[in-house]
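Two complexes come next, and they have one chain in common, chain A, joined by chain B in the first and chain C in the second.
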Partner chain A sequence: MFEINDKTNAPARDHGTDILVRLQARFGALESHRQRQDLLRIEVGQDQLLPVLSWLKGDTPYVQLTHLTAVDWIEEDRFELIYLVTAPALFMTLMISISIDRVSATAESVFNLWLQAETYEQEINEMFGIDFPGSPRQGVPFILEGWDDMPPMRRDFDTVEYCKRTHPERPGRDHTDPRTYVGKKFGEKGYLT
Partner chain B sequence: MSRTEHLKSLGYDVMPNAGTEVDPREVQLWFGPQHPGITGNMSVQVWLEGDTIKRGITHVGYLHRGFEKLMERRKFIQSFPVVCRICVAEPDTNEYLLAQSLEELSGMDKDVPEKAQWIRTLVMEMSRLQATLMVLGGSVGTMGMGTAPNWTYTLRDFVLDSFEELTGGRVYHMYTTYGGVRRDLPTGFALRLEETLKKIDERLPYLDDLIFHNEVFRMRSIGVGVVPVEWADEIGITGPPLRAMGIARDVRRDYPYLKYPELDFKVCTGEGSDIYARAWVRRQEISESVSIIRQILEKMPHEGPYSAKLPNMLTWTIPRGSTYVRAEASRGEMGYMMVTDGSDKIRRVHVRGPSYTNAITVLERMLPGTNIADLSALMVSLQTCPPEIER
Partner chain C sequence: MKRFDPDKPWDLTTLPTTAGPEGSLPHAPVQKTAGGRDQCFLGASDVPNAPGLPEAVSTIKNWFRASSLNVLAFGTGCGAIELRPLMTSRFDMSRFGITGAPTPRMSNVFIISGYLSTKTLKRVIRSYEQMPNPKWVVALGSCTINGGMYWDSYNTIKVLDLYMPVDVYISGCMPRPEALIAGFQYLMKEIKAGDANGWHHYLENLDWYRENQKKVIKDWDLPDYSW
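What follows is the complex of A and B.
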C-alpha cells in the first residue's frame, strides 16, 4: 500500500546563478550575495517586492514561502523584511530582502500569494508594528493579548524598564540582585579577601 | 480593531452579548488550554453543530517567553539554555541550528572536528527517534487506547536514559555547543545504546499489531484528517504530514548537513494523507532512525577531538551577516533565520518551526466538517507544538 522511496542523488545545485540572471534580466540590476550553495540573498526595492514574488511563484519553481521575518535596523532608521522562497524541486532557497521606512512601517501583504503569510504578517504586525494592509489578521492579537505598550521586538523597547514598571518589587522584600548579595557576603570587592 | 470586532467582521459569534442573535443549534467550545487532548499549552476555539465542527480558530500565547528577544540581549554562549526550551520534546534540533547558524556566519563551521560532526548527527537522530516514538503512541492514545503510548513512552524513556548518560540531562541537554559538543561519548556508550535499539526492534512488531492492525484505529484514522496535496506548496507543509501525501521530501537528503550524506537511509512516504498514513510514515521512520543510529555508531571515529578550539566566549564577536539554516526535526523542517551585526550578541533570530503552519493555517482550514472526537487525533497527527509557535 505504501511506497518507500529510495535515496536518490540530488541534482547539481547551480540554480542560484540561473535565477539571478533571469531576475536581473527582468527586474534590472539587483544586489546579491551567495551565502551558501543552496542559499542566495537578493535585495530588491520595496515597489519590486510583489512583482518579483509573483513572478517567482507563477513562472519559476520557487513556489514555497518558507519563512518571513523582520529585522529592526534602528540606527539606519529602517526595517528589513526577509522573505525566504524555496524551490523544492531545485533544492534552492532565495532570501529576498526589502527595506522599509521605520516611521511609516508599511509593506505590501503577500497573503494573496501564500496563505500562511497571514500568520507571519500577523506576528510581525504585533511584534514590530509593521502594517500589511489587506492581510486578514492585522491588528488581531496573536501572542500578546491585552498588550498596550510599544511592539516589543523593536530595538528601542527596553525589557528591563518594562519589567520594573509592570512588576515592581514588593516593599520589605530582601534584595536578591547577585551583585548586592555577593557584596554583602564577601565585601565590596566581590570576593573573599 | 479588537480581536472580538475582527472576528465578528469575519462572521464569527465571539462571546455573544445578550440580545445578539445566535444560531441556537451552535455550541461554542474552548478546546484547551487545559485539556488532556490538546497538544501542549494552546487552545482551539470551535463552533459545533451537534458533534461536527463548523469552524475553529487556533489560539496561542499561553507559553510565550520572549526567547528571541532574550537572545538579542545575551552573549552567544548564553543562548543555549534558552533555545532548547523552544521545543520540549525535541530540543537538540534547536541547539544544533543555533550552533550551526553562528558557526556559518563566523566561519567556524570549517573547524568543527570530524568526530564532533558524527556525534552531532547521532544526537540529532536519537532526538528524532525519541520524539517520533512519543508521537506514534500519542496518535493512538488520543483515541482512547492507552497501551500503545505506554509502550512507546517506555521505549522513549530508554532513549532518554542514553541522553542522560551522554549529556547529564534527560529532556534539556545543552550538549551541542559552538565548535562541536561539550564532551566525548562515555566508555561503553555504544553498547548500551545498542541494547536500547534492540529493545525497540523487538517491540516494533507488537506495536504494528497494536496500532496498524487494530480495527478501531484503522476505522478512526483511514480517510480522516486528509490534508489536500495542493496545500503542500501553497502552505509550505513539511515533515511526516507532507510525506504522508506521497511526496518524498526530507531536509536530511535534499539539503544535506552533518554526516547524513554518508549514511544510507530511505525517505519514507505514505499514501492517502490521512491520520493513518501519517502514523505509518512515523512508524517507518522509527525503523529508519534505528538503522541510521547503528550506521553512525559503526562509522564514527573513536579518536580525535570532539570540539574545535573556541575563542573567548565573553568577547567573541561575529561579522555582520545573515543566514538561514534548516534541519529535519521529527515534525518537519525546523529553521533558524540568524542575523548578526558585528557585535557580541545576536542581532535577530527567528525560529521557523513546522507547527507554525501546521497548527494554524493547516489546522484551521481542516476543522470545518471534522468530528469533535477526532480533533485530538488530528492535532497529534499534525504534531502541533505550541512552544515553537510562540517562542
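What follows is the complex of A and C.
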C-alpha cells in the first residue's frame, strides 16, 4: 500500500510508465495513451490478449478485472473490446484494448482467468452479438426477455424505427399555442381545480 | 325477485343483483355513467333496497376508501426517489390517510413511478392483477404519459394507459412531492365522487389490454388472470 513519506521531496513513482516499460520489454512495442494519472490505455493484438492478461494477473499487481465492455466502430468495420485491469495496491488501472472483426465477431474468453468475466461476456454476447467460445451462459438471456431483433447495442440497429414499430405514441395536439389550448381545456384560470 | 326479509338477512337471493330495467326498482341507484360502472363500484348488489340508502351507503363507502390508500412498495423508475420524502417527515403522506404496503395483496394504490421497461411491465401487470378490488393507478412523470426522455428507447413503453388503466396522471420530470400530494388529493376527490373506476374498466376490457400487453411482452408466460 501507499506509504506517505513527507521527509523527502522525491517525486512519487509513476506506476503507469513502470508497467508500460515492463510490458513493452516483454511483448514488443505497444501503442499506449495516458488517459489520466491513474488510467493507462494499451492496445494489444488479438493473439496477445491472453498472454498479456495472464502475465498481468500472475506476475504484476494488476490482479483485478474491473470491467469488460465493447465499442462498435462500424465505420472501421471492427469491434473494440476493452478490459479494465486494476492494481488495487497501486490505485492504477490499465485499459487493455483489442480489435476484432465485426463480421465474425468472435473473441477469446477470459473466463479461465477471472470467473466474473462470465457475466460481462454474457451481457456483451446479448447486447453486441459477440461470441466468446468456451464461456458459460453464452446465448442465455441476461437483460432482454424474448428479444427477436438484432442485438440492440450494435450501431446499425435502428432504435427509432424499432421503437415506432413496437411502442405506439400518444397523438400530440395539432398546435403549440399553450394559452389557447390550456384556456380551452381548463377554463380561464388555466389549471385544473 | 323476492322481497328482502329482515328476519333472513343472509338470504342473498332477495338482494337486487342489478339495477334492472328502468322503473322496475323504485329506488334503484342512479347510474352516473354508461356501462353500469356505478353498480359495480358502489357495491349496489349488497345494499338493501330502501329509499336513499344505496346512495348513502355508497357515499360512506367511497369516503372510507378515499381515506385509506395503501400504496404498493414497487418503484419502477427514477420517480420512486420522490416517494421517500413523501413518506417521511417532511411531506408525511400519512396526514392524508396514505400509507405504504409491502405486498400487492395488502395494497390498493399502484404508483407507476417513472419509466417502465417492457421487462418491468410484465411484473407490474402481475402485481396489479393480484391487488384486491377496488384499486387505483397513479402514473408519475412524463415517461408514463408520452415516453418522456425515453421516447426513442427500444425497451421502454411510451403510453401507459394502453397496458393498464390509469386513474391519475401527474406530469413533471420528476414531479415534486407537492405535485404527488396534489395528485393524491385529486384521486381522493375522484374516489369520493365514484369516478375512479379504472380497475373496472380493466376487467371490462381485459381482452383489449391483453392484446396490447402481448404486443410488447414477447415471451408471454402469464396466466389468463393473476388472481
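A few remarks follow.
Just so we're on the same page, the second predicted complex is superposed on the first by the 154 of 193 C-alpha atoms of A that agree within 3 Å, B and C clash if a C-alpha of one lies under 4 Å from a C-alpha of the other, contacts with A are read in each partner's own complex, and residues count from 1 in each chain.
Methods note: a residue touches a chain if its C-beta (ideal position, glycine included) is under 8 Å from a C-beta of that chain, and two chains touch if they have at least 3 such contacts.
What you are looking at is a predicted structure, and each value in this text was computed from that prediction instead of being measured.
Touch criterion met: A:M95 reaches chain B, while chain C stays clear of it. In the superposition on chain A, A:I143 contacts both chain B and chain C. When the shared chain is aligned, no partner comes close enough to touch A:P133: not chain B, not chain C.
Using the contact criterion defined above for the overlaid structures, shared-chain residue A:P178 touches neither chain B nor chain C, since it reaches no partner.
When the shared chain is aligned, chain B and chain C each come close enough to touch A:T159. With both complexes superposed, B is the one of chain B and chain C in contact with more chain A residues.
Of the two partner chains placed around the shared chain by superposition, chain C is the only one that A:P168 touches, whereas chain B remains out of contact. 143-145, 152, 159 are the residues of chain A that lie in the contact sets of both chain B and chain C, per the superposition on chain A.
Across the complex, chain A is touched by residues 118-119, 122, 145-147, 151-159, 162, 186, 215-220 of chain C. Contacts from chain A toward chain B in the complex involve residues 1-8, 10, 35-36, 38-39, 41, 63-67, 69, 71-72, 82, 84, 88, 91, 93, 95, 114-116, 118-120, 136-137, 139-145, 152-153, 155, 159.
Contact residues of chain A toward chain C in the complex are 143-148, 152, 157, 159-160, 162-163, 166-170, 172, 192.
Of all residues in chain B, those touching chain A in their complex are 1, 3, 6-7, 10, 60-61, 64, 66, 68-69, 72-73, 104, 233-236, 246, 248-249, 253-256, 264-271, 277, 280, 284, 321-324, 333, 335, 337, 339, 347-348, 350, 352, 356-357, 360-361, 365, 390.
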